[in-house]
Amino acid sequence: MTLFIQQLFNGLALGGVYCLAAIGLTLVFGVLRIPNLAHGALYMLGAYITYFFLTTLGVPYIAAIGIAALLLFVVGVGLERLVFHPLRNSPHTHHMIAAVGAMFFFQALAQAIWGADFRRMKTPITGGLDILGAEISAQRIVIIVTAVIVLALLAWFIKRSIHGQTIEAIEQDRIGASLVGISPSMVSMLTLGLSALLATVAAGLVAPINLLSPTMGDALNLKVFAIIILGGLGSLPGAIVGGFALALAETMTATYISSAVGEAVAFIVLVAVLAIKPTGLFTKAVQR
Amino acid sequence: MNALKNPRLLGTFAVVVLIGAAPAVFAGENYAMRVITVGMCAAIAVYGLNIILGFTGQLSLAQGGFFGIGAYGVGLLTTDYDWSFWSAFFVSVIGTAVIGYLCGLIALRTKDEYFAIFTMAIGFIIFLVISRWEAVTHAHSGVNNVKFPEGAGIVDFSSPIAMFYLVFLVLLICIYITHAIRRSSVGRTLLTIRTSEDLADAIGVRVGFSKQLAFAASAVFGGIGGGLYATVVGFIGPDAASIDKTFEFLMFILVGGMGTVAGPLLGSMIVTFLFELFQDFQAYRFIVLGPIIVALVIFAPRGIIGYLGEFIDRRNRRRRLAGMRRSPKETGPDGRSAAPTAETMTESGAGTTSEETK
Amino acid sequence: MTLLEVRGLGKRFGGLDAVKSVDLDVDEGRITAVIGPNGAGKSTLFNLIHGFYHPTAGTVTFRGDDITHSSPHRTVAGGIARTFQTTNLFEDSTVLENVLAGRIVRSKSTIFDAVFHTPRHRRESRVNEDKAMEALEYCGIAEHRHDLASNVPQEVQKRTAVAMALATEPELLLLDEPAGGIPEEETADFGDLIRSLPGQGVSVLLVEHKMTMIMGLADTILVLDHGQKLALGTPAEIQSNPDVIRAYLGSSTDEEN
Amino acid sequence: GGGGSGDGDTVVIGYTGPLSGGGAAYGENVQIGLEMAIDDLNADGVEVDGEPVTLELKSLDDKYAPSTAASNAQRLADQDKAPVVVSPNAGAIKAIQQINSGRSNFLISAYTSDPAIVQSDNPLTMMIPPNFESYAAEFTETAMKHGGKKLALLGTQSEYGQQWTESITDAWKDAGGKIGGDNSVDYATVSDFAGPVSKALAEKPDAIFVGGPSQPTALIMEEARKQGFEGSFLVMDQAKLDEMATVTKLDNLKNSVGVLPVSEYEDPGTADFLKKYADKAGDKKVPTSETALNYQGIAIIAKAMEVSGSVDDPEKIRAAISDALPEVDDKYKVNGFPEEITEQGHLLNPNLEATYLDDEGKYTKVPIEQVSDNK
Amino acid sequence: MLTLDNVSTGYDATDVLHGVSITARPGELTVILGANGSGKTTLFKTISGLMPVRSGSVDYEGRKLHRARPNAIVKAGIAHCPEGRHLFGKMSVEKNLRLGSYPHRNSSRTEEIYAQVLELFPILGEKAKQPAGSLSGGQQQMVAIGRALMSDPSLLILDEPSMGLAPIIVEQVLASVAQINDRGIGVLLSEQNAKASLAIAHRGYVLAEGRVVLADDASRLLDNPDVQAAYLGL
């Protein structure tokens, strides 16, 4: 029982990370219709920049994440301008390859600057809680709480605020959107910026319980794609449910079946779900 | 021999002859021969990708996985089970076809990006199985001493040149099949699906079935490429099935030109050599290569062959227009030069080409 | 003879009956029209007959075969072709290639025929080209055959869609607003094309809002409203039916033409 | 052999290893060792057959992919005429073995402790580190002495990690211990170690087998201590205790048995090596055996060239290693210098030692008896 | 007032519009006639910024618009209800309409205009919560017009608003257009039904192969024998 509760919290913390990383990706997909394979690299870059401010310059933790998130916002905007904007009329194959090119670049850049060694990020958040016999570190509780707050704010923003709705509008018809006065390229830039920002927040939260390396985004990348497809591309609730569901499935299968299955479970679930519902869990069917 | 008047076919021929003559130049250079031969194995898999992606428009990211299945099939059967290369090769290719077909059954219920990511998941599961199923695949230890093909006392395939020509021959067959599919109604079927599945459905195309076949065919090419690769390199590890392989294949096809006959081959060769060239930069080569990839996609989105094709199309159209002006009766109201056509259907239509040569 | 028999056909979307208890007979060698206000269920009816949607009630019979749950490609193979309300073509292909695509359903040759260049494959390629040209000429657009479908005028596009459908050698052709987007004054020519189809052994089921055209073409008209039959009869009967005038035609139609 | 007789004064030492991607840090450690050795050897002067020879390192990145490694090796041998190619990864070495004695001719300087590479009877392979199977028995004995009989398995899920897991499992069972389920995870892809650690601790073990790259291993141990584990750790040789101490508090690492840190060796050249290393890599970086052993390895090869009188005949060089070993200058003896090379090509140091890091944070040496490389 | 001066533009290498000059006076209903492919849609797309102006200038109420982006042009008061509608298919009808007011999102007039739109097309009130994509063709056309009106334009561009509509609805739509125009909103209209549209228009232009071949008051165009022959089927 203690093990179960322990793993439940571990799974929730992991779910928080997955969600934060996944929502950005799903938003970008919705607006730009591109599967941004460089997302994991943005996450990695976010982690390194947070590290730079926190450890190298000694800026406080929260501020370091904040500064890094803003910087990554700029990187995201730049990525949109330099890579995806010129490709806006190309098929998605081209985006994927361009994104892979960008990913290679970011990884090589990080290695050139910070080296290939693992780095460890320290945080002021220490200690933990004892919940029903399970030992939960404070960092993980922070992850869960932050994830929930950010997700709630974002959901509110998209559904209620008119700015959020512009994102939805562009997802559905770019020409229609520009005719009602929305600037698609502005929204595209903001969305990519926002997704990089969210990825950085995720990275800043996880880095203390894991290590930094130029390839830290790779493993996450595949999983996050599984999540947003599982939830239905471009669907916010889909990404949230998918993120937590896959994280819990992963932790629990690793605990009660085997860790190798745990590693594959995300993809097995994905295959199973798509076999039954080919458009993911949360997509509305619409007539031509 | 009308075909020779068609500049596209001529181009394909030229590329093929050029590569076929490579051993004459590089005979003593094991390294160059190896790079070219391995590149050709990849090119075979890329021809598979060309069918599903270039013709049908579905981005399959499982190609690396199928390549791995072919490679491991040959690798494991010739070593742990001591089969002859040829029987192992045959069985592996059939096996890839079956696995490809089964995956296709589910995969093709999905569309567009779902299909892409779904096949990526399939590819990743194949990779996980290969890299984790210690008891059968030896996981990271890999498969050592894969057999050379048996030459029946006539050819000795341990010679790099013999191996080169074996792969080259298979590659030629794949290119021919690609060409044959393209100009047939099968090719037209696939291309209609690429443009609009709904419309294809409405004119009686068996969309699901055709996609299924295309997917299985692409898997088979992947398996063939992988099987040859295993015997060429002699040792295979799980990286033979990794997602990086898939991305490599994608790069090859994009640089060469999607949906074209010569594109995959040309792309494979050029990018392979580009990669080798940049090896000297070691870890930092991707600081240069990354942006080059991005730039290629942005500035040459239709690949090298795509560009040439566009050029030829424009010329043909100009000629035809000139011809039409001579016979005023035929001049349509739409006498302006058309938008660059998609490289594919225009050429594939038996109509256009035979018209030209009549 | 009755070619197509629709009995008690119904389709619900959520709470809405898009089509409800519709009966319809399409006779061989005739032009049958379906009209009705926007949202009456005309396109849905076509989608049901063609197999794009599966009905929630009723049956569809074609030449005595039950095709209620058939899929579109089998329906086409069986002899029913269609065009879409919004013109739908393979836009980056030429007009000829579009029409050739219509031949796919009648092609028997496989990959193997293509690879080995069998006589069957050669014979079929020739037949396909001939038939495609025939359809193009019949529709009067042969001179456009090498133009990209997206570059030709609306009317040529509409004709291409018809030619593509004809290339499948149908016995029944479903036309959903074939003249939509064509100016009134040009519809006459288009009407002539449709009128000639039964003579070629192709019966027609037609949806159209252009009353001038419908009244001059149709042998029988079914009027739908809210998914249900409002009236059925000859053009003259329909034109004077007060229900139809109130729900659909409005006041101006007769005085305008 | 190929032979770069034209420019007899420069000899290329080839290196193919992971210089980008997940294994980059490891590949760089090896590369540093090679560079240091070559710099030192050139400074001292290498003379073959009466002619002075300059060594030059040529590195290529293989991203840990065996087939790329083999292509690279072929390129180094063919184009750069390298008589020796260094590779630090068992899979890559196996792939390279497919070509080094047939199509091209070069000696493989193999940095892997997987004995499979010498079991394949490749005449041109020189295996540098000790056979990892040697450690299992002593590790088990030491850990049982300081802990108890119940072992949990939490190694990494690489090929090498799995081999270690097997070897430890056998040894532990032989010693009469009990073992829980296999909890190994892929250290490189896990986002949060808490889950796997909780699972392992649920077995209430007295000792835990851990190991993969140093830093994630350290994190796992830290997490285990946080979750209340007080027993001992058996640390696989891939992880280095001193390197681990750079990412976590020494407290978390206490009571564990692992390989001896380079700085604890007392070979004649060790102290100088440490100084030079700090100059080159900065004092934040801990020197590891990848660096030290490859440093030694190149020195041995250079000496073998001198002894054999050939820079381009790998067979002669290989044959001369045995005679070259006693001739190597003391300054190159830094990390358990080998005294002999087996027929199969394995360099052997008879006095292999591991270490136990005790509750005071002190390293105690543990002598290791080496097992045979034969299957 | 909207003034196009010598505007040329096109797709790819060739021009579709060749030096078109047009004025639409404030509050007036201006109709553009022309055969299929004569460039009406292209002209409208050029005005609303969906296509770049290659040469010439576009001027609206004293502002140069030929370099402006669509969003700026909507803000300037020109709303374009495009051919093909371009609705947000998965969003409800209501959200579609409300997004129409995006350029003036904080204005108090939004509710007022929304009510007016529902008054114009009562069926949209019934379908308010339904995804726009599930409406029938004609109903979608109403949403598109409604959405354009929601931006509170001073000039409304309607590209074949009656395409695919039932005769009775065509009548209604043209009546609504007249009604919209009566409220003081200028309208630029292209319409297959030349006679009916000229009947409600103030001025008309005839385009042929991308050039203006006739420009006159609507009533005079109705009487022009060339127009009668070409477009009125007389």
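As written, the chains take the letters A, B, C, D and E, and residue 1 is the first residue of each chain.
By our rule, contacts are C-beta pairs under 8 Å (C-beta built on N, C-alpha and C of every residue); 3 or more make two chains touch, one makes a residue touch a chain.
Note that the structure is a prediction, hence the values are computed from the model and not measured.
Contact with both chain B and chain D is made by A.
With centres computed as the average of Cα coordinates, no chain lies farther from chain E than D. In whole angstrom, the spacing between the mean C-alpha positions of chain A and chain B is 33.
Here the CA centre of chain C is 74 Å from the CA centre of chain D. With centres defined as mean CA coordinates, chain E is found 42 Å away from chain A.
Between the Cα centres of chain B and chain C there is a gap of 40 Å.
Counting partners per residue, chain B has 132, 198, 283, 285-286, 336, 339 as the residues that reach two or more other chains. For chain C, the set of residues touching two or more other chains reads 153.
The set of chain E residues that touch two or more partner chains comprises 134. Interface residues of chain D facing chain A in the complex, by the touch rule stated above, are 19-22, 24-25, 27-28, 157, 181-186, 188-196, 198-199, 202, 213-216, 219, 226-228, 247-248, 285. Remark: chain B residues 29-32, 34-35, 38, 132, 134, 139-142, 144-145, 158, 160, 229, 233-237, 239-240, 242, 244, 276, 279-280, 282-283, 285-286 touch chain D in the complex.
Those residues of chain E that touch chain A in the shared complex are 48-50, 69-71, 74-75, 79-80, 82, 85-91, 95, 99-100, 102-103, 105, 131, 133-134, 147-148, 150-151. By the touch criterion given at the top, residues 2-3, 6-7, 10-11, 13-14, 17, 107-108, 111, 115-118, 120, 128, 135, 137, 140, 206, 209-211, 213-215, 218-220, 250-251, 254-255, 258-260, 262-263 of chain A touch chain D in their complex. Touching chain A in their complex are the following residues of chain B: 53, 57, 59, 106, 109-114, 116-118, 120-122, 124-125, 128, 132, 198, 243, 247, 250-251, 254, 258, 283-287, 289-294, 297-298, 301.
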